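Chains: A, B, C and D, in written order; residue numbering restarts at 1 for each.
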Amino acid sequence: MLNIGIIGAGRIGKVHLQSISYHVKNAAVVAMADPFMNEETKALIESMGVKKIYKDYHQILEDPQIDAVLVCSSTDTHAAISIEAIKAGKHVFCEKPVDHSLEKIQEVADVLAEHPECRFQVGFNRRFDHNFAAVRRAYDEGKIGEAHILKITSRDPEPPNPAYIKVSGGMFLDMTIHDFDMACFLTNSDVEEVYVQSAVLVDPAIGEQGDVDTAIITLKMKNGALAVIDNSRRAAYGYDQRAELFGSKGMVATSNDTLSSAVISDANGVTGEKPLFFFLERYMESFSEEMRQFVDACEKGTPVPVGIHAGMQAVKIGLAAKKSVAEHRPVRLDE
Amino acid sequence: MLNIGIIGAGRIGKVHLQSISYHVKNAAVVAMADPFMNEETKALIESMGVKKIYKDYHQILEDPQIDAVLVCSSTDTHAAISIEAIKAGKHVFCEKPVDHSLEKIQEVADVLAEHPECRFQVGFNRRFDHNFAAVRRAYDEGKIGEAHILKITSRDPEPPNPAYIKVSGGMFLDMTIHDFDMACFLTNSDVEEVYVQSAVLVDPAIGEQGDVDTAIITLKMKNGALAVIDNSRRAAYGYDQRAELFGSKGMVATSNDTLSSAVISDANGVTGEKPLFFFLERYMESFSEEMRQFVDACEKGTPVPVGIHAGMQAVKIGLAAKKSVAEHRPVRLDE
Amino acid sequence: MLNIGIIGAGRIGKVHLQSISYHVKNAAVVAMADPFMNEETKALIESMGVKKIYKDYHQILEDPQIDAVLVCSSTDTHAAISIEAIKAGKHVFCEKPVDHSLEKIQEVADVLAEHPECRFQVGFNRRFDHNFAAVRRAYDEGKIGEAHILKITSRDPEPPNPAYIKVSGGMFLDMTIHDFDMACFLTNSDVEEVYVQSAVLVDPAIGEQGDVDTAIITLKMKNGALAVIDNSRRAAYGYDQRAELFGSKGMVATSNDTLSSAVISDANGVTGEKPLFFFLERYMESFSEEMRQFVDACEKGTPVPVGIHAGMQAVKIGLAAKKSVAEHRPVRLDE
Amino acid sequence: MLNIGIIGAGRIGKVHLQSISYHVKNAAVVAMADPFMNEETKALIESMGVKKIYKDYHQILEDPQIDAVLVCSSTDTHAAISIEAIKAGKHVFCEKPVDHSLEKIQEVADVLAEHPECRFQVGFNRRFDHNFAAVRRAYDEGKIGEAHILKITSRDPEPPNPAYIKVSGGMFLDMTIHDFDMACFLTNSDVEEVYVQSAVLVDPAIGEQGDVDTAIITLKMKNGALAVIDNSRRAAYGYDQRAELFGSKGMVATSNDTLSSAVISDANGVTGEKPLFFFLERYMESFSEEMRQFVDACEKGTPVPVGIHAGMQAVKIGLAAKKSVAEHRPVRLDE
């Protein structure tokens, strides 16, 4: 049984609390810390059987009964807390992105190199989604041959509020970062070069923050495959999350998940349901699965499924994407 | 918090134990009883935090801390245990069928009439399936107008073993009983008349037991709709569970659930996944939902979603179906 | 080059004229006859290059240059004109049904037996539909194993006018007759027994004519398979024409055809097009293909794809269906 | 009735001959010319009722009975013959591309400017495809709002032979040119900028000819929309032709056409048919429709649906794409 402390009691911290409580057999959340811990949150956490509730996360790091911590605090604290936790001898699950700065991620990587016994996993939950995992499996099993073209469609149902956009690091580090990781995961390759064609088409307020809301991103993968991601901050029909991998022997493609398969035929046409609303609905099961695999890696000492390299790559691609927009040209990752 | 005791630790008893533990917030399984309780089962039950484990279910009925019992024992004991439990002041969730005899079901109904405070729910879990619930919702919302034709396809991935068939009550009371309940649920109507055309096409051994393995069952509903169920004990591609309701303004139809939406296009064609294997995979979420609604009804004293009338109807239809086969003619339920 | 005369210049006669002119290379329509030939129809026919236009079809039968005739007149004249044409040494394509009376069909069969050189084809065009032909092909190729359950859904977009219903012979001989033929075609078997559960749900005026507008028809096929047809005279979403054949090794199923594959996702859902409106849209290509195969059979002296046996069977089933409704019981075809 | 002469009796010339003969009511092919006219081709043409068969196309241009010509000769002769035909007073349908040189296309445009009575249509047949036309129609009807992202997938079933590649002008002018025109058509906008990421992944022999076989092409449209085209010279599952237009109010997407809708479910999965093999199968109906509209424009003096501007645009984009590959940067069309 792995004893887990969660640092950060925001939305994603609560998601992990529930996932572990309900869906991970060999782990228990025993402590949770948040500087802004209020009564309501406290009550929720207690109702899940968590006894130790703190404002200061150091109490978790110092607790010898705790084997692993989940870093679910604000992005700017991910790297520092991760380093502290590694040094405190905890296994670490760090939400994405590890940081917006490659230097800080490298610092984490350096500390990790000195603690080989530490299991350090990055929160790219989509790798554990049933559909995307099926794409990768088909590729691994040779069903589509060599990878030639990857297409990822990733559109949010609605843009975040302008205040969030300001601190988000921009669409590429906030939203597309998942798709960058998906590109690496689905082609099983790192990225060599990025080119972005982007625009502000959804909301001028986003442009006023210096960000974009619509983009087509072309990637050249190191294994020779080409990839394209298309993003929008607002799809009127909801959360659009699809992938299609085309190769020398065939193609594997996924469609969106819906609440039910019911289709109504009437005088207006033949109508099925919209995609599940947003990431909590769409990816809930993947949050459980990433936890199960993290816990297993900690318990068995086996490699984590998503390590610091993946966390570094995705940010590198995101920064290159921003540079591509700024300089309006393809940008190599090794520049 | 509703304290629950489960009577019967077979497959379905374990399913409910897990559903309640993981997916029902306001209930806890505190006791479980099975005359054949072995060490392995005991260990599993204990690992879920159940403290009271018995061989004799009377210990559950006598426990004043227990609010509700789930009757998951063998079919021939459902009615008697249900009656004991009602009289002991427990709420009761009884697995389907309540019994193979209408008289015994009537006895349960009679005892229930004397205990209006008792919440008594029958385990027709498919009513809580996301797809079938969406069909009924579309109908209730008037999207297809008046119901004209209901089509239910229900095919198992493989037949039960011959020993089970002998005690099963025959395909209509064992397998089709779910479809009979679905017919009533989806059209929101009772049945008036049944006609069966059946055959032994899957396995002659089934015929040797006096049962059939393939059938087309036509129902005339009391509200005027016509319904047809087609059954097979073995679909090579797995568990086939679909419904289609056609009405004056349109049609609502569902398709099978799959593990993922991944579709592979190659030189052989365009291939998606087979349906989820069998009822545990296909209907797992519905087991949780039926428990949530049962617990809610107990906690709030509101009506249960599937009462004794539904339990009686489905068996009535099943017995009429057997008579239709025996006498090769349409059989009215009020004969 | 096969020279063809068409008897009857109604809707279906014109369809065949166009099919042959545009889509059949080795045939030409050289004559057309209709007792109600008007100027408009005449102009249309002439525009297609037909030189000989008559009111009296005998002029076609007497024309030694004409090799084959299409009998597209009113149903009550099909048998008599067919017999005249056979005796006149013409090949004959006769629209369905050959007649409503089995005796008259038998007379045609008897005359045919005396003219073995005559190619006589019945107009069950759906056998040549790309979807239904694909179902039969999959079955013939052994892809689904032995046939166990056939399901045919056949719903019209709107009922015929009451005047037509009076002379139509009733829904089973007018509309379902195509489905009866499909049942025989798709299972490659004749029918042994019929049971009908029917109702008047679409329009009381249809019931006042002594006819029904909604039905579920169960068939027991001679090869052991079970089949079910569901009919409605009015589907709000248009012409619904689907088939599904389930067997020991799998299932083959078809869906409706649409004008395009365009699907619109918006705030209301994910909406595709309604089925093609009615039989002229849905089955146009099948009319061409049945003509190509008829012409080939005439030219090469090979067997026709749909002979008098099929024409007889479908009517037999239709009459048994009417009897099943009247006597409310399953009816054997050999009674 | 429009009298048409076809110049060039290769594959596409024959396609137009058949389309007009079978599917265009108010036109007739009266003459056909090809310098390599052989006996077999001649026999075929004669069988379609064409009386005037020449080696020298000037005989067509000089024939006062001929109203319109189709320029279906080799690409390098399109512009010159078009100009001759315009000057000879004929309406002209010119196969795509009009030329590989913008100067030559401009010459045609200049001559056209002097002959305003001439109907000049370019052979971008995909605009008349039922699926793509439905996408444009949805956009025109406001169903998806403002255009934000267009995605076109265009993959051939197999690459042309190396000899053809040498004279093809490269993939962008030979194959992608259709997709460039689709991008303009579907977004109803010209292109502002092009960026190409391409590779040789299908066959090294293609690379040896200095061409590519796989590409992702990003377009910035003048109306602000972003577009992406992905190309492959070989899709193992056949001809992949899809489009998806995403906008402020929703998305419209198309899928591939198949021979039938039959889907087989068996132990291996749920398998539908591959896309129709190649452009003759997939786009046959569109060839008829483009002819019907060309003939209508000639007969009525109305504007043609695809004029010289479209012919010029597509080549401009193609040349910019080649430059983008050569210089590895985004290229503006107005550079």
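In this section, contacts are C-beta pairs under 8 Å (C-beta built on N, C-alpha and C of every residue); 3 or more make two chains touch, one makes a residue touch a chain.
For clarity, every value in this text was computed on a predicted model and none was experimentally measured.
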| item | value |
| --- | --- |
| Of C-D and A-D, pair with higher C-beta contact tally | A-D |
| Taking each chain's C-alpha mean as its centre, the one farthest from chain D | B |
| Where chain A and chain C are represented by their mean Cα positions, the distance between them in whole Å | 58 |
| Intercentroid distance (Cα basis), chain D paired with chain C, Å | 39 |
| Chain A and chain D, separation of their C-alpha mean positions in angstrom | 42 |
| Residues of chain A engaged with two or more neighbouring chains | 235-237, 240, 249-251, 265-267, 273 |
| Chain contact topology (line, ring, star, complete or other) | complete |
| Complex contact set, residues of chain C against chain A | 235-237, 240, 265-274 |
| Residues of chain B that touch chain A when the two form their complex | 22-23, 130-131, 133-135, 138, 143-144, 249-257, 259-267, 273 |
| Touch list for chain D against partner chain A, complex | 145-146, 148-149, 151, 153, 155, 193, 195, 197-199, 201-202, 214-216, 218, 220, 224-228, 230, 232, 234-237, 240, 246, 248-251, 328-330 |
